[in-house]
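Chains here go by letter, A, B, C and D, matching the order in which they are written, and residues are numbered from 1 within each.
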Amino acid sequence: MTAAFLYGGAGILLFALGLWSLLVHEPLLRKLIALNIMGAGVFHVFIAVAHRGDGTPPDPVPHALVLTGIVVAVSATALALALHNRLEQDASDSAQSTSTSTAGLLSGLSISPQSDIIRHE
Amino acid sequence: MNRDLSLLIGILVALLAVLLLGVFHSTLALDPGQRLASLALERLPESGVSNPVTAVLLNYRAYDTLLELAVLLAALLGIWSLGPARPGFQPAGPALAAMVDWVVPLAILTGGYLLWVGGHAPGGAFQAGALLGAAGVILRLAGNAGAGLPSEAWQRWLIVLGAGVFSLIGLLLALTGYGFLSYPPGQAKWLILLIETAATIAIGVTLAAAYVGGRPQMAQPPRSPLAPMADPEAKR
Amino acid sequence: MTTDSLILPIALPLLGALLTTALPRIAPLLGVIAATLTALSGLWLTGQVWGGDALNIVLGGWGLPLGIGVAADGLSASLLAMSSLVGLGISVYAVGYFAGSDRGLHFWPLWLLLWTALNGVFLAADLFNLYVMLELLGLSAAALGALTGSREAVAANLRYLLVGLLGSMSYLLGVALIYTAYGTLDISLLSERIEPSALAATSVVLMTAGLALKAALFPLHFWLPPAHANAPAPVSAALSALVVKAAFYLILRLWTDLFANITTTGAAFILGALGAGAILWGSWRALRAERLKLLAAYSTVAQIGYLFLFFPLLQAMPPGPARDDLFAACVLMAVTHGFAKAGFFLAAGLVQKNAGHDRIDELGGAAQSMPATTFSIALAGSALIGLPPSGSFIAKWVMMRGAFETGQWWWLIVIVTGTLLAAAYIFRVLSRAFGQEPTPRCFVTDARAEIPALLLALSSVALLGLAAGPIWSLLGFEGVQT
Amino acid sequence: MTPWLLLLAWVWPLLLAWPAAFQAGRWPSALRGNRVPGAGWRWILPMLGPLPALVAVLTLSLGTRLELPWLFLGTSLELDATAQVYLLFTAILWLAAGIYAAFTFRGTPNVGRFHAVFLLTMAGNLWLIVGQDLFSFYAGFAIMGLAAYGLVVHDGSPLALRAGKVYLVMALLGEVSLFAALVMIAQQTGTTEPSAEDLAQLTGLPIALALVGLGVKAGLVPLHLWLPLAHPAAPVPASAVLSGAMIKVAILGWLRFLPVGAIALPDWGGLLAAGGVLTLFYALPIGLVQSDPKVILAYSSVSKMGLLMLCLGLVLMEPGLAPVGIAAISLYAAQHGLAKGGLFLGVGLRKQAPGQPGFIQPLVLGGLMILALALAGAPFTSGAVAKYQLKPVLAGAEWPWVAAAVSVATLGTTLLMARFIWVVSLRTKRHPQPGLLWPGIAWSLLLALVILFPFALGKPASWLSDWLSISLGIGFAGLIAIGAWRNPAWLSPVVGLIPAGDLLVLARPIGRLAIGLWQRLWRPINALQNRMSQSASSRFERVFKQSDADQEDALRRWPIAGGLWIGIIAMLLLALFAQSSGSSLSAASTESDDQPSRPGLEFQSPPAPSL
């Protein structure tokens, strides 16, 4: 009971923390991490609920729900990153068309498409 | 960011969290809880697998898992719709290349093992698929622009493999009178293994393709005028 | 097999999506075939619900607490019928719209996945399954919305995706709390067990708030206008006509079915007040919109508001024929808006294609060169205003009567103001069609694209208005008590 | 004959609107290859539209009823006494206008659009006459009112577009008030087909809303603004039905949905009668100074509607008058409708008919004179008969001065008609068009009907009613005419003194004046307000850093949207906890204790939605 509350309560705190970060922080990557933290919080609650009694085996259903939820969260994160990547690409393209020097500077820093996002933050 | 506003939101969120904690606590306190657990474990022998989580994922609640594969597919299709993939990274140095030669087969092997073990212990299609995907990621990081994936046509067939096999088996079962995704007694084990194998491949390919981050290039990618800046090779 | 047919409206578009993914060369052909089959299966299911009682099935053969239930009652069937007909219209239109364009390649699988999720939401009877369906819906919708690839579209749909994720998380936390207390996820089992408690109240609030984000209830509609206005026309139609309805449907289901004994008049009043805000603000913004598709998107915000206005009325009305009328009118309103808005967006897309832009003030020539499309806009517009004999006219009639009967006359002012504003923005568009421009050579200039829009708009006015009775019988009610 | 004719009467034109819209005017249809302008059969559709209605009214017996429970949540169509009169004159008028519209628009650009809108308007007009329930009346009313927008703005000129805008705003206001009134009537009487007795229990609000809602259509001053603009702007056949048939439905609506004859409503009746008197006298002088014949006719319509409203108001005050009054009002509406329709069509003929055989234009002018006399109520015309029928109402009224006032108004009407004849005989700009033979014949039939009216219906005593004021008026008009003939400049300062759309035009300077006054009076307060709002907005901007012009940009910012979202969650939680507190705020459910451990496979049917 206490263990379940501690785990579940931690999940709720994670949810709240993620929510706050999502709303307050502007960069997209932080928002995405925040959303994933919120998701992790909800999954915590599910897992905490699964193991309740002493000695009885844990409930497999919430475990399976969490697995499903993780895959869904991964998919959503991937799509969001791709959309953001596209925005960045557009921005750098238009920047280059107006001023090649700036674009060259940007591209010099750029190692990979993925790192674009991180650098932007 | 405005400090006052974030503080205000922080207070609101904190209040919400306190309320949720209170509600959660009172619920736990009053309810010792008879879950689906006993039922799920009781019917485990009929489910065709001995790992209860796999039983839930691929038998009791197989419908959710089918849709989850569809979600994964939707994400990849969305990524593909945004345009062609960017060129990859520079080829790996000798040390990394040697490591990749070891790690990738190992990851594929481990994936196979996880797939098999999922029937009676923690493991299963998603874990295995994730490892396959990771192998693809490693390949791309080491300079293989396509992450070791086959041509676009093949990729298209592979990414629909999981959901395709899953839903076809479901419909076939419905047609033969067992009901959608209701495995006939005794056949559950093999059907689940079949579905899991297909799903593993599909998940692995989908994850790797998502990491590539765009529509696969047909052959040699046409070098767009903007490409050189993203291509470290051109700089040397 | 009759109960197994429940799965067809979900399985068929899914198979279609897989095939169009695997065989991109013949995607339009496969897509139309899959769309036709999906629509037929949806209509067949609706017919079965009409003929008999509610249908349900538990997948996997494990019975209820363990398996996942799929069920169709009158409410699901009405919306399923809407998604079938509107979806078919959008599909036929898309063939012409995307002809010769690379985007069609990406459109078909994503659109069929979206349709899968839509039908899945309408038929689901399991709270967690609903979460997965909502995510599939949100992901495919955001991907489709960004299909034009313009910067605005991508940015707006990225925002839409994040908002949808936030909504899903909130919904999922509500589900987790429910599972904590009741140990089951099936809606029918839960609705027997749930009693008023702090936990139930918290869950319903979390789930409603999450879904309200997805349903674009004022003031949480901020993501909708840019996302819907910048998408390709068939996608805008699907998003505005169908996708927001899924979230609304779920709120309606939760409030009137699962949590019926938990909701209170005060909470329903809040939803109604937000709906009123949506009507006034959405209509006003639609009136001020410079672009036709932006106008349509804001009009969606307003129409969603009307749907939420039903909550305080339903909550205050004691069970009986009068409440049945209100409920049926709510469904009728949602379905009518589905048809009308789909027709409007499809027609707007044609105008945009023809003129090269959709700035309302410069549309005179384009509108007059396409009489059939202008006529579609007029028909759809009259359904959006709520003119007779459209379905929304009857819905507004019942709504206003309900407002009097429950003593909530103040909604009347909102409805009247909203109707006048709607008339203003629709006629602002229509007056462009009456000018002294040269006339076109024939009524229908591009049959493949114009006919679906025309038929959708026409059914919102004629079909749903003149014969609203079937909605009542589909929902199992006796007919309007006048 | 079958009662289904009642359904066909309005569904038929509705169906015809579809092929009419596809009609190729100048443009050939894509399916049939190239075609010469105006070819095809579709141009005849407008005149086929009213035929079933005409057949219905001529063959069906009084009281024929058709129930359509499947339509529109339950509809009933019936030919009662009032509906019979209305259907007869409306169908005749639409037929005449339809013939006119078919021949004159044949092959013109946008003919499909005009004919489709014409048929839609016709369908709405006929539907609301035969429909007995609130739904049908409102549906027909709204279809008619909004489709008529297309008629008003048809020629697309800036003038027509302005008239259309004014028309639309007023019509929508009227329709929304009427809608609210009808909903309230349904709710208060508990039926959608209320009898006069049911209506007796109405409260004031629905009555007021019905008076306003239909008052717009009837041209009740000051809700008449659209009328003198829209009627002249519309093409000739459209103004004929607008003025002849469509504005009359307001009276029909009041007869149906006000407790006429069941209960005395001294206040509302008095208000309506007073409004009628105002309308009656207000429109006459303004009409007299107009120079466009169609505008003069429009003001005459306003004035005549005032007379009808006066009579209806008197009947509302004195329920005993109802049996006589309702018949007389319907009859008068019919007479005025036919005469006014004929006048408008005649103006069109005067402008468009060929003058080649020398006798045609004099014939048109002669016909117009007869119609004008009939409208004024001259002896031996239908106008005299109709006016005679109204006598008992005026005599039995509580207000003794009413009869005298009406006589004065008759004098005014005579002058107005004289002015009309003067304008139409001297100042008409002519644009002859071919193909006006059949419209001319249709018009002469209408004319014959108006002439024969008194001899078919009235007693000989009625043929001479009001001869005194009419002859006074004619004499007066003659004097003025002679004066104007001698000195053409004599009347010029008066003519055009008040433009069409009177109040609307005056509203602008008055509005400017009011704004000026407001600014002068409230300058100090305004300044204070400005300072306050400026500081508030700058503070607001400091908080939200809003700079974009887009009003929703602030809302789109995550912290603000998220804050609102959490606020909504908090409000919902408060609302739920506030009402459920005490009972079980802290007590979570213990229901799952007794959850039976079900073996599972048995199937649990979900309960039906708890609605």
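The working rule: contacts are C-beta pairs under 8 Å (C-beta built on N, C-alpha and C of every residue); 3 or more make two chains touch, one makes a residue touch a chain.
Please read these numbers as outputs of a predicted model, since none were measured by experiment.
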*Chain pair with more C-beta contacts, A-B versus C-D*: C-D
*asked:* Using only alpha carbons, which chain's centroid is the nearest to the whole structure's centroid?
replied: C
_Rounded to a whole Å, what is the gap between the Cα centroids of chain C and chain D?_
35
*Any idea how many Å lie between the Cα centroids of chain A and chain B?*
16
_From the mean C-alpha coordinate of chain B to that of chain D, what's the distance rounded to whole Å?_
65
*Distance-wise, how many Å sit between the C-alpha centres of chain A and chain D, to the nearest whole number?*
61
*Could you list the positions in chain C whose residues touch two or more of the other chains?*
61-62, 65-67, 128, 132, 135, 139, 142-143, 146, 149, 154, 166, 173, 177, 180-181, 183, 198-199, 202
*Could you say which residues in chain D touch two or more other chains, in rising order?*
559, 562-563, 569, 573, 586-589, 592, 595, 598, 600
*asked:* If I count partner chains per residue in chain A, which residues reach a count of at least 2?
replied: 8, 12, 15, 19, 22-24, 26, 31, 45, 49, 65, 68, 72, 75-76, 79, 83, 86
*chain A partner contacts - residues on chain C that touch it in the complex*: 128, 131-132, 135, 138-139, 142-143, 146, 149, 151, 154-155, 157-158, 161-162, 165-166, 169, 172-173, 176-177, 179-180
*Parts of chain A lying in touch with chain D, wherever the complex brings them together*: 19, 22-24, 26, 31
_Complex contact set, residues of chain D against chain B_ = 543-545, 559-560, 562-563, 566-567, 569-570, 573, 586-590, 592-593, 595, 597-598, 600
*Over in the complex, which chain A residues touch chain C? Could you list them?*
8, 12, 15, 18-19, 22, 28, 31-32, 35, 38-39, 41-42, 45-46, 49, 62, 65, 68-69, 72, 75-76, 79-80, 83-84, 86-87, 90
*Okay, in this complex, where on chain D does chain A touch?*
558-559, 562-563
